[in-house]
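After this come two complexes, each holding subunit A, first together with subunit B and then together with subunit C.
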Partner chain A sequence: MIQKKICILGAAGVGKTSLTAQFVFSKFSEKYLSSMGVKIDRKTVDVDGKQVNLMLWDIHGEEKYKKIPTSYLRGASGIMMVIDGTRPATLEMAQEILQRVETELGTIPHIYLLNKSDLTDAWSINDDDMQMLKNTGNPVFLTSAKTGDNVEASFLHLATALVTA
Partner chain B sequence: MNTQHPIPDIISQHLAAYHIQTLAPAWIELTPQTDQIQSLGGAWQSYFTTNLELGSSITSACEYLQGMLPIQESFELPQVQMRNDKYTDILAFHDAQTQTDWLLFCDVTMSTLQLQEYQQAANELNLLKDQLNQTLGRFVGEEVAQRASNGTLQFNIAGERKVITTLFVDIRGFTPFNESHDAQDVMHALNQYMDCMLKPILEEAGMVDKIIGDGVMAVFGVLASDNNSADNAFVAAKSIQAKVKALNKQRGNEGQDQLGVGIGIATGDAVLGILGSHERRAFTAIGRHVNLAARLESNARIGEILLDEASVTALDNPPSFALVSLTLKGIGKTHAYSLTS
Partner chain C sequence: MNTDKTQNSNASMHELRKLLFEKESARIDKLESILLNQGLHAQEVAKVLAEAVELRNRSDEELSIALAPTIEKSIQASIARDPQALSNALFPVMGPTIRKSIASTLAAMLQSLNQTLEHSFSKQGFLWRIEAVKTGKSFAEVVLLNTLIYRVEQVFLIHRETGVLLHHLSSDPTHTEDADVVSSMLTAVQDFIRDSFAGSTDQNIETLSMGDVQVLIEQGPDVVLAVVCRGNSPRTLHETMQVAIEDIQQNFVDELTAFDGDTEAFIATDEKLSPLLIADYKNKTEEKKSPLKAILFVALMFAIIFSWWAWHQIEISQTNTQWQSYLERLKAEPGIIVTGISDNDDVETITGLRDPLSQDPKALLAEYQLQNKNIHFEFEPYHALQPALILKRVSRLIQPPKSVELLLEDQTLLIRGVASEVWLTQAEQAALYVAGVESIDSTGLSILSSSFEQKQTHFPIKMDALPVKPKKNIIRKEEPKKKVVVTDAVILQRAISLLKPPTTVQMVYAKGILYVSGKASASWIDFAKHNFSKVEGIDSFYTSNLTNQGTKP
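Presenting the complex of A and B:
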């Protein structure tokens, strides 16, 4: 079976654990529980008739004084970069993380998840920011860990891209 | 304290025993440059649910190490949450002296759970702060919200004198529209036009002083900005007219009524301060030019921006305006500068 390691990265509170839980267990909890270190989950998906075992590394949120150790990313095939659509500062942090990863480990294929798309009234990512992300050439998904919107589609998109690359 | 003395052996032994007991270490020696188990020791049963056989691959029992072995250079995976909810620090290193590769597992559950409590509180506070900033930002703009959050937003309760620019904008023909349409439709239309008016003001570092029915009073220059206050107000006014025009086009396509706005801008001395009692306070700007801006707005036609002389003089790059002569209520005859989109 094909194995792929995917790291889920982003600032604290953007919904990394919720997205993973929605994808792996089809569960969502309103309660926010701060992640420590890394939690590794697995899910087997079908990509063009091939079984692919995804190893999902749900890594703690990046903070000013608590950087993500790049050792977690060793052997990673892809990155889900999660941004909270209601907090533009998390977009800046996503770019900082990617820059650091690229400096230390080189380019790793990644996609952007603009999460919390169900919170339309609080949405704060404007069209310019969206365009800027699209201009990087990496896929951008509007997701909601709460409703499940685009969650499976985004994980499958990255899995397919990694298998067919 | 004299730090010259080495740590006595007995202390070292106690420290080592204490930490070994706390960390419950397990170690696995790998056949050099492979992922095969050569030997193992310590409390390895508490880290693995399956039996570890000598000569077998560690990655089949510990699949998250896939892609990381053989050990090319030392690395550490801190706080890995295991299936039994224990947190483990995993250290991988090569001993150059003995040419051996090692994996060391240490139980850090206790310290991680303690840290998590602090982390949880800190993250919740940060999320709450972001949420409050966002809510406040909707009323007073991002800049004011940021300053309020940083504690750098201060107003002198006795009043501070400053040159500011005041902008009034009002929807024309709103009263008859209100009387001839369902309240739900009116509310929807009002929100659409308000969006066109408020966003440009906030984007240009303006402060929304009041929303008066179908109109808005905003002040510029209260907050430090790279541009001058008249420039900010004028840019906001042009943006408002452009947004209203685009909205009207969209409403026209949908077969809905179209409304226009008139804008008045004036610049001058004002006293800024806080009005009200201890329980309910509001920021306000008082000055003669404030009244002038209001009067200019009530004379502005649909699509028109009327500015007083002080505002036009303060503009860095004034466009070509039409000079108009007006008789304003309570002010009398005055000149104003008109720009119609």
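Presenting the complex of A and C:
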């Protein structure tokens, strides 16, 4: 059995816990319970007929005075970088986190999730920002933990990339 | 001619071919014969068969898969033909395997029996029994936990960097479900604690504890070994773990450096890790000292089983005697004739005749504690001639008032007590319908003086409702011998109470004739004429001495 450690990162309240819950348990809740520390879940997926055990580390959101400890990221095979599409500030925060991870641990494969895509009225990421993300060469997904849109697809995409790499 | 020409050129062509290809044609013929000859085929294949099989097996599994059904079939055929051959072939393998499996099962059973016995009868054991009930665990489990000094329940071999679980062992194979999450969590907790409290990164957690469960953690350069231990882990456990880590680090260098998430290669660490699944229990040495307890226990069990059996036997025989006396009672019961008793599949069937007025055999069961016995009754109804039942039948028919007592003596119905004339008159007639009543003696009955109106009231005995009425009528016709023994005085008395003569009238009765004299109203005389015959024993009404009051001017 192949096991891969995947860390879900991003600013506070962007929907990391919601995305994990949607992917693992197919559940969603409007209630916001701010995460503390780390919660680990497992989901086994099928990549090209091979079973891959994804260990999903849902880590608390980055805040000014509550940085993500990089020790949690040791040994991670991949990162899901979550951005809240209704709050452009969370995009900057994502860049900052990736920067720090890069300097401390080196490059780790990652994909961007522009989450809360169901909130079209409040959407405030413009095309330039999108293009800027795509230019980094990493995949970008528009996801909604609420409707489940693109959630499974994005996790599977990362899993496939990690196994076939 | 044109045809000649062609024939010529054909012949020369043939000649030319022969010249040019004679050798080749011979070779082709030879090859053809090889190709077409099945026997030669087999010879050729046989030469290379072994090699071909080996080659194919080296490249893939297809051959085994293809052959499997054939082999299965031939084994089946072989067994069908002669099972002995295969069993002979397998015997040297099977014997030891079976012996080994039985021995290990027995050893495990004895071990737990010993332990349970050891603690079953002590005061301590009693407390544990309560604990078992309270916690819902089995007694054996509680004993095990309480006599436990320590037991290593789970072993985690964790990839240090990723927290990925490389291999996991558990003393209870049902407890393996979330081992991978636990493993990740353990590293996360380690990271967290180190980040939060420890100064340098070299410091590591060695023990986590919760209640009587401890998690012992040992670090290697690439792997972390964690064991979950219940009870007081021995000091030496850390050392044993350290040795295991060194062993694994050395033997799996390549697998660890090339690790990319695939844990397959680490199943082989089983051999190095399983010695860590150890346990130690109290009282191990004492057990051997006292086989007495075990003997006592077994003796006690026998005593309990024996007394249970004896009690059961007594119960059975008791039921049997009850049953016998019930049958005796049933046979003695008036109005019940038992003609047969059969026992079929635990159902007793009693057949016979039963008077509907007799005691209900089902109701009698309770008296003999046989309510639960499975009994089926098949009784045909009949009329019994036992005095008790004749009396019952009579009294149902004539419905005597409470003041009347009925007796039967030699087919004579004795009516005693006090009753009205009206009742008696009809009772006497009705009673004679009953088989077994030949005559009626009512000398012991005092007649109540009844009022005139009472006569009009409906007779309490509904003659129409008498059972089997036609039969009664026949009996009635042929019963001149039946005679009511009634004295003249009684008949006179009855006549008086029925006819209610005015005081101006005197009545005398003799030999079937009622002599009436004196004065009376025309209506009374008329009434008397019409009704005197209702009194049993009065055949004629003699009125020549009676004068009509009304005729008097």
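Simple rule for what comes next: the second predicted complex is superposed on the first by the 165 of 165 C-alpha atoms of A that agree within 3 Å, B and C clash if a C-alpha of one lies under 4 Å from a C-alpha of the other, contacts with A are read in each partner's own complex, and residues count from 1 in each chain.
Definition applied: a residue touches a chain if its C-beta (ideal position, glycine included) is under 8 Å from a C-beta of that chain, and two chains touch if they have at least 3 such contacts.
As the structure is a prediction and not an experimental result, all values here were calculated from the model.
In the superposed model, A:A122 lies in contact with subunit B only, and not with subunit C. In the superposition on chain A, A:S26 contacts neither subunit B nor subunit C. In the superposition on chain A, contact of A:A12 is made with subunit B only, not with subunit C.
Of the two partner chains placed by superposition, only subunit C is touched by A:M1; subunit B is not. With both structures placed on the common chain, the touch criterion links A:T86 to subunit B but leaves subunit C unconnected. Between subunit B and subunit C, B contacts the larger number of subunit A residues.
In the superposed model, A:I40 lies in contact with both subunit B and subunit C. In the superposed model, A:Q51 makes contact with neither subunit B nor subunit C. Shared interface residues of subunit A, touching subunit B in one complex and subunit C in the other, are 3, 5, 37-38, 40, 42, 55, 57, 69, 71-72, 74-76.
Contact residues of subunit A toward subunit B in the complex are 3, 5, 12-13, 32-34, 36-40, 42, 55, 57, 60-61, 69, 71-72, 74-76, 86-87, 89, 122, 124.
Residues 63-64, 66-68, 75-81, 87, 112, 115-116, 119-120, 123-124, 126-127, 130, 134 of subunit B touch subunit A in their complex. Against subunit C, the residues of subunit A that register as touching in their complex are 1-5, 37-38, 40-42, 52-53, 55, 57, 69, 71-72, 74-77, 162. Those residues of subunit C that touch subunit A in the complex are listed here as 159-165, 178, 180-181, 184-185, 188, 191-192, 194-195, 260-264.
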